[in-house]
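Heads up, the thing below is written out as structure tokens.
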């Protein structure tokens, strides 16, 4: 017997598409766990026209996946708490409305509103000049716009999967080819899964270099949290081994790099560059705890897969997007030219794959938050944390 | 009893969309005015794929509204006369085909063909370098492409409304959010309305700054007329208090700034910058009268809302778009940097709104044209008009 | 009786569109030639969303036409042989996903994967600075991105046609308006036709200058072949009168300009610029013969219509697009500024048309390949071929 039931909802290779597909625990006779429900549908209106969404309601938490926007996760919520944020971008913007080069390379911001938004795959970070190798053998100097292409690349094939034995995992699997003639050409196979009744979901990505030459790769998970988790006095829990402010602006509040202030209109963003301690298996955890420490969002991931971590503190007014980004990455969101000089850009061999796995959770009692705090503290027990008071030239261009 | 019947035809917030909706006076029992008919439909083919149109036929005049192109008005026509022009762009171009930065910032021209096309909201005018403030607290020097984003921003919510008592006004209401992370973020609520049997329609816009900081705003109504109104000897009727040529090219024909020549292949455009006299309530009127003064198109608007007025004279060959633009605006279509220096750029406070109302009419008898001429003349009776023979450095960069 | 049966499948002018239309020889009673079948359908998934395809199966060869991508030909195949190539771009990319200005003007490469892809109409070739005349009478210096707009311009009207007498030609006719305010504005009427049972199809284009002024035009047919025709030892058969390497890179292998090597990962492209001998009617033929000379693809065209010919040799790894481009053009794919200086840019008068006709064939026996070789040899019999060992300043910038 198969391990999984699979249903294809979109397959561009086979020219198959199914709008408004629904699947629920009731379809599986004999299953007696928490009721769950999966559906996909297409958005309409404004810049949403034609955007496909997959909604996984595991009976406790609902996860909204956006195949059209590179398998990003729009939000995840339980009856009590929503993970995500209120971006000024309230629509789920179709990539065809995004002109990456607009506004001096900041066009990406036209569609940015997800809980989890990937940046990459061939580069991420602030717009900057760089050399494109491999274009017909020529070196070409270009301005790379913000955060790369993957968030604005639609999935070509989308399937939902139901595991047929314990723990009855529910998944949506998306294949996102991000290719061009003369490369770079990648394919990302992304699996977003959750177990019925849980308050967790996993994001597992397998990125393959489709080209014939070693190819530079950068990947960052822009994981963004606003209220109710974020608020004055909210705190980042992290087993940091290293912390540096990105620039003078971040340096101003170095003393409170792991806590958050209230919404402030016109707040200029601050970024901190971190490295994390991990357990023997390379696993670490970060958490954002609300001011009362009654709720926390957690991210578990591997520092071997994602050695860099960036905090984006954007405690601007609510209407401007009061938000913090917790950003595990292969490297830091500086211009790629700088990251290359520091030896942090991955070179992926032909046909090689790069794998990542992140587990996103929500705990909502004081006891659980305390346990999270303790687990994170244990990761750095007896270990140092180097804190730079000023930008470190190895991290900050 | 409600004042209005409302029917939502598109609502992206609720993920509702209704193609091919129809509503007519026959649906309203007891109504005995002129028959009218409203319908919406989606275009197909070429660059039109997915463009939504709303057609209001008030029994005398039909107004074509394009929610997908920022609630522009494609054309308005009676059985005898059409208001609008023949652009080389014959398709109603979907914004996803418009790359604003193309052709040195002139990509906007790829879709330009409306009777009424808004330019703005954060800037309009010729491409030019400017500083974007507020992007994560940084100043960023960018090239702003032609005429801003609003004309290529689709409405998120579109409703048709029918007033249930005299004068039984018919409206289409569109909400156009034009936002991005790090702003500027505006919402425009546009109401285009007409009374059954009339040869007039009103455009009423409410623009709100959704951000938390004061934000620069520029808005210009690019109202474009070709034949049959425009022709050799057609005349602009305006209560001008000030007229200046934009540049040396416009200066060449300063003596005839308010009259039009025949179509001339390769004609290089001429622009004139005006201010208008108004009545005690701030209302003024401009009109374009055909060569025989048998027909005229009128625009009534408030000089308090729209203090600047630009004439765009583009009497090129018919196939090149023989057209004049009559352009009430908050300021002139110069690069924003220049308009800011001259103090003409609006700074809209957080949550503040900017309101405009313009009424577009058509008169088609010698008597009516004479009355229009008289009404406009009365506005400037006993008042001066300053005419600059050369570009004025306060108006022309 | 009419000469042709015509069925419109898309007509944006009339707002008519028919998805999944099918027509076959069975619809024509009394016809007793080879069975044929024509269908059109819309693609889904990834960047294909909304792309329209027309498939003509003439009973022996199937031709896939992409109206949405400027009437390009995706591929043509018989049961034994496929003409086309495996681009890293495996999707049929909708133009709304192509940002021409991306990657330093190389955004065009995001969608490039056709057997026949047109470059033009106002310019083609490598990105380069040029002056845009005619924009409101101003000269504007801009960077023209790679290969122009036509391949990313969807057809506004598409019809299929069946000739009602011998030879019962099957056609798809597409009207592709490529216009903008202030021009350049062209319309291309493209007819792609084939005779039932044949292994040939013709591409016939009529390009009209819709503007009122003489307008520069460049047009190149990027005809691309990979395996099985291309392979180590494959040979280009051409009646060349002139051959020059584009640059030092091409010069390296000047001795073998007409033969192909095996796939080499990271191979840097080589281009050769040619002129061709022709028969008294101006017709010439080029062919790509496979290493065993058992199969050949042929292109017949007029050197009066298309005087320039470019070989693009891109024998990179299979996954990088192992391919050669055989490219008849009005001129060479250099920046337009250079081609203008050399007097090779066409100036099309107002309302004037430029016509081209190319016939693409496939032969698949040693005898036929030998006959093709002989026919091409006859074209240059007793005539010289000038071969430049180094880039020629008249051809290579």
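Residue numbering begins at 1 within each chain, and the chains themselves are lettered A, B and C in the order written.
Quick note on the criterion: contacts are C-beta pairs under 8 Å (C-beta built on N, C-alpha and C of every residue); 3 or more make two chains touch, one makes a residue touch a chain.
These numbers were taken from a predicted model, which means no experiment stands behind them.
As for how the two copies chain B and chain C face one another, under half of their interface residue numbers coincide. Chain copies chain A and chain C are related through a rotation whose angle, from the C-alpha fit, is 120° to the nearest 5. For this pair, chain B with chain C, the centres built from the Cα atoms lie 41 Å apart.
Counting partner chains per residue, chain A has residues 50, 96, 99, 101 touching two or more of them. Residue ranges of chain B in contact with chain A, taken from their complex: 10-13, 15-17, 50, 95-96, 99-101, 132, 134-138, 140-143, 145, 153-157, 176-177, 179-183, 185, 210-213, 350. By the touch criterion given at the top, residues 41, 43-50, 87-91, 94, 96-97, 99, 101-104, 106, 109-110, 112-113, 249, 265-269, 314, 316-321 of chain C touch chain A in their complex.
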